[in-house]
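Input: structures, listed below.
Look for subunit A in each of the two complexes below; its partner is subunit B in the first and subunit C in the second.
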Partner chain A sequence: MANQLLQVQDLKKYFPAGGTLSGIFGKRRYVHAVDGVSFDIRGGETFGLVGESGCGKSTTGKLILRLIDPSSGNILFGNKDIAKLSGQSLKEMHKRIQIIFQNPYASLDPRWTVQKILTEPLIAHDVVPRSEMKNKVAELLEAVGLDPDYMYRFPHQFSGGQRQRIGLARALAVSPSLLVADEPVSALDVSIQAQILNLMQDLQERLNLSILFISHNLSVVKYLSDRVGVMYLGKLVEVAPVEELFNNPVHPYTQALLSAIPVPSLHVKKQMIQLEGDVPSPVNPPSNCHFRTRCPKFSNICAEVEPVPVRVGEDHVVACHLAQKTTTVDD
Partner chain B sequence: MDSLQVTNSAGDSASAGVARPKKRASLSRDYFAELRGSKKGMTGALILAFMVLVAITAPVIAPHDASSQSVYAQYAPPLFAGGTMDHILGADNLGRDILSRTIYGTQISLSIAFIVIFIAVSVGAVLGAIAGYVGGIVDTVIMRIADFQLSFPFILLALVFMAILGPGYWSLVIALTVAIWANYARLVRGEALKIRELEFVQAAKAIGVSRARIIWGHILPNALPALIVLGTLDIAWVIITEAALSFLGLGIQPPTPSWGVMLNDARGYLYESAWMTIFPGIALFMTCIGVNLLGDWLRDTFDPKMAKL
Partner chain C sequence: MNEVILDIQNLETNFVTKKGIVRAVDGVDLQVRRGETLGLVGESGCGKTVLGLSIMGLVDSPGRITGGKILFKGEDLVSKSSEEMRQLRGDRISMIFQDPTVTLNPVLRVSQQLEEVFRYHRGMKGKEARQKSLELLSLVGIPQPEERIDRYPFEFSGGMQQRVVIAIAVALNPELLLADEPTTALDVTVQAQIIKVLKDLKQQKDSAIILITHDMGVVAELCETVAVTYAGNIIEQGDLETILERPSHPYTVGLIQSIPKMEEHGKARLTAIPGTLADPTEIPPGCKFHPRCSRAEEVCKKTRPVLREVSPGHKVACHLD
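After this line comes the complex of A and B, so read on.
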């Protein structure tokens, strides 16, 4: 377990639901967006975070960058707790952790030239002296496979994939050691997705970058990730190395999720696990195991006791009572 | 708006060029071409440009001094009603040339309008952007001040300022500025609330860019289109209000030739010498029409969603 770059411990984010006045009438209600998530990211690896819409995976990413403030929990990065940083030390942290966003059309200021967009991080962190800015911008553009002459153009003159490359160049301008990629390819064409993913892989090897890859697309996560965490309704239900997770999913939710991946073959007949009902409201999630209302293997203990994460294999952790019963916990 | 015009024809591969090479200055040139294609916008722009030209060249083009009186010219009718070339638009009860006074009145009206709008937009936009982006107690304080200001009857406010500072050009500027800055603060606050959630602002935040830089670099430039539209339309409001206050004796004081002052002077001679009211009235009307046409066009161009309202 050595070589940990980032350690998230029992991270929680509750958003207040309803207007300012709702607190006066009865108990204040909260959206349990992230409800006690713990995982770690190791140096140089890609950690995939998957789950369906609204499960809190993007919120987790934003919490790590402190774009929103956590309600409780720790985010240990090096010897610092990001959750408690402020002012200058927070700014220093932003030099180590960067983010790229889902929507390449909204992530670049439409009024700024590419040059200005890419100098923003350089100025904010004094990366290079002013006289060398232009060279650095050209260098960054080349690194993401774009022509340096593009620096005089505006974002609207680029395609989605090109914009995502610019966003990547901006994130890498400060030479971070962790990159949070918040659904970076889900807005792109499939052919262009592959290009961006390969670029990210290249850059990761060259810069020894760790990536927190947030996505709802399991095939993309499988392609890119070293380890994968599965989230459901604000909780992390299973974490395992990618091969292990896809070959031997333990949590019933993971099993259902993986069974939903379409297989492009006429001969392979897959048994798809059909979950019943909808995701419950995060304002009032089911007590203890959040998945119990839709779980095909539900038993009474799931409603009574909160499942704690247990180790079921090497590096394979599952938060399910079932796993506890069926698997012997070694070490 | 810009994000809609994506040149999608370009492939993504590194070597593929962008399909339509454009020069940097092309954005403003596009707008100018669009202005020329619009009858409404062009009419408004031409009227306003004409008025500005008149105001700037007033000392050259005015045939008489604005306040020089002549006993011989008292109640002189305009040229088309049997007057002479000496007073093309006639003269008023003191024998002052109406054309010259109207021309100099343009100076007063336009200069007050531009100064007031400039100060009010600058102050309102910055305060609104701070309120919207920073939020919390700062937002509450700024917006409650704005609410307080907007709930205060304007004429009363103008009276207070005139009572304290004495009527005159600069007290009028201050009163009008105080009256409208809150509109821009509200507008920009709304824009800031929207823009701050966009991903490029989140990205700037993630980079560690300071609040001041984000407000100055991202929030204000992206709120600019809405500001330009509202600011232009408000020019007409300022011109009319200036005239109204001057008419009531709360603004520009006679003998300075403001259109409002001229209308007030003419009040008693409406039947005998109608030209005393007609020409400053036409000037006022034309300027406001011009400004409104231009403002409407700006709104259609910058913000197509708002045009339906």
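After this line comes the complex of A and C, so read on.
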């Protein structure tokens, strides 16, 4: 595929579960947070990663930045495998990939001024000479729609939306080519959320930025993304261009998820697909197809064979036995 | 039209803080009829939860109801003693809270928490209370209630805990049910289950329901009427269709436009409301929304608009209509 910026291949992250003693008495158990995920992000696009709590979407984002180490798999960025980098080469990579976090109240140091917060990445990555530092900070603040005079203030003097703008400015300080945005608007009210979404869209166009947009909110993902991946219990069950995914979802989980969103309109009348029960524990996920215990279309093969991703249309990949395959992905 | 069950008149609830007085509820008038589900919508800090707590008589110090009346079937709840309110709560008025994981008592079995309602308010004992509790659990869609009723809350998932909370709230067929963000803490597929439970309950009982939420989608699923709050006031009220399709107040218009629409195609720009909610201790004079309003005129900066009926059933607090 042309123009690939990042390629994630069979990425896995298992966290040990239970206390330290659980490994001594009997077999050590693991939370299968990310369980063999593969996708790619292309230059200048927004890739939306959606799913419910505990599906592994945030873990995937953190793995790409190597904030945590993967259990196995590759994260190819240019000609390097992020999964294998360390020390100076990993630091170099952080100049190319940056993150903005969910909670703007926890992700800014309350004792630092905005100037200090924004100067730190500039110094760490040696972006501009010291003499130009202040101008650069002012420029960054202007880019995210804040008054440059705000650089002398502390985080507590800002509202949630303004803090998220500061978080964005900090991430963009080193001019990254990929921004991982982990639920960047879910802590914000809807009128403020719209401001931040518009800002992200503007910045993306201006800076030719690729964005991995992680969210549980499907309508926000639809608004911002070019392509969308749906995760369930550590697995990517469906990937498709945004219009295709929303108009023609193939995986039963995607169908249920889309049908479950309450729409603030009187004209969209749809059949809600009710899923039984809750998401099973990721410590002991159902064998083979993870979704089979809640799937309305379950058949015997789902318990016996693990579904492999198959291509069902242009750029549209689904991991389900019931999907009509055109070709397998590896062909 | 059904009888008016709840009639709130010029209610004021204030909080005294170091920075000054916060008028969380600042002169609210609201009527709810039997069988009606009213959506009380607004963003964080608009006073919607405090309004709910005021009705329940649960406003804690430093908050205090400083004016107005809450007439519940003609009786003023504001003037009732805390013991009288305790008799009402859980019986004729009850509430569903946002986060089920902190609403239930973690050290009591679910059975004890359910049976308590029947013991306290109806003087039921032993088997009778248990039988009633089991019926309730099946009503809210908990499978195999006999097996589950003696478990502790932590043995239930978030969605199942919220079903238990709902069961407790509707146990005695309250005439008025308040639900404060009942699905916000839940994932979307579980939210769909809880919306279904609430829809089914609506059909079986004729309680009036006040649904407090920030999510217009949930309102569209459950409510017949909507009241929009901003900075402690109701600024627009009407039936669901009017509010969604023909909102009149600039804030309501902005609120609805800023929601990303599932049914729209392509990358459109969202219409955001500029600025942020004013500091609650420094509320602007005149219309509280005027600093963020694109249509604000001189009069908006000076005089506070009152909520008035612009067409039957549709009330707006704006100078421009």
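As a convention for this text, the second predicted complex is superposed on the first by the 321 of 331 C-alpha atoms of A that agree within 3 Å, B and C clash if a C-alpha of one lies under 4 Å from a C-alpha of the other, contacts with A are read in each partner's own complex, and residues count from 1 in each chain.
Everything that follows uses one rule, which is that contacts are C-beta pairs under 8 Å (C-beta built on N, C-alpha and C of every residue); 3 or more make two chains touch, one makes a residue touch a chain.
No experiment lies behind these values; they were computed from the predicted model shown.
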item: Touching partner for A:V283 - first (subunit B), second (subunit C), both, neither; value: neither
item: Touched partner set for A:L266, first subunit B, second subunit C, both or neither; value: second
item: First, second, both or neither for A:E52, with subunit B first and subunit C second; value: second
item: First, second, both or neither for A:V174, with subunit B first and subunit C second; value: first
item: Which superposed partner A:R111 touches (first subunit B, second subunit C, both, neither); value: first
item: First, second, both or neither for A:V308, with subunit B first and subunit C second; value: neither
item: First (subunit B), second (subunit C), both or neither touched by A:S159; value: both
item: Touched partner set for A:N198, first subunit B, second subunit C, both or neither; value: second
item: Touching both subunit C and subunit B, counted on subunit A across the two superposed complexes; value: 159, 161-162, 191-192, 195
item: Contact footprint of subunit B on subunit A as seen in their complex; value: 62, 65, 67, 90-91, 94-95, 98-99, 101-103, 105-113, 120-121, 124-125, 145-147, 150, 152-162, 167, 170-171, 174, 191-192, 195
item: Residue numbers on subunit C that touch subunit A, as the complex places them; value: 43-44, 157-160, 187-193, 195-196, 214-221, 240-241, 244-245, 254-263, 265, 267-274, 276-277
item: Of subunit A, residues touching subunit C in the complex; value: 52-53, 159, 161-162, 189-195, 197-198, 201, 216, 218-220, 222-224, 243, 246, 256-257, 259-268, 272, 274-275, 278-279
item: Subunit B residues within the subunit A interface of the complex; value: 1-8, 10-15, 17-18, 20, 22, 24, 27, 198-200, 202-210, 213, 217-218, 221-222
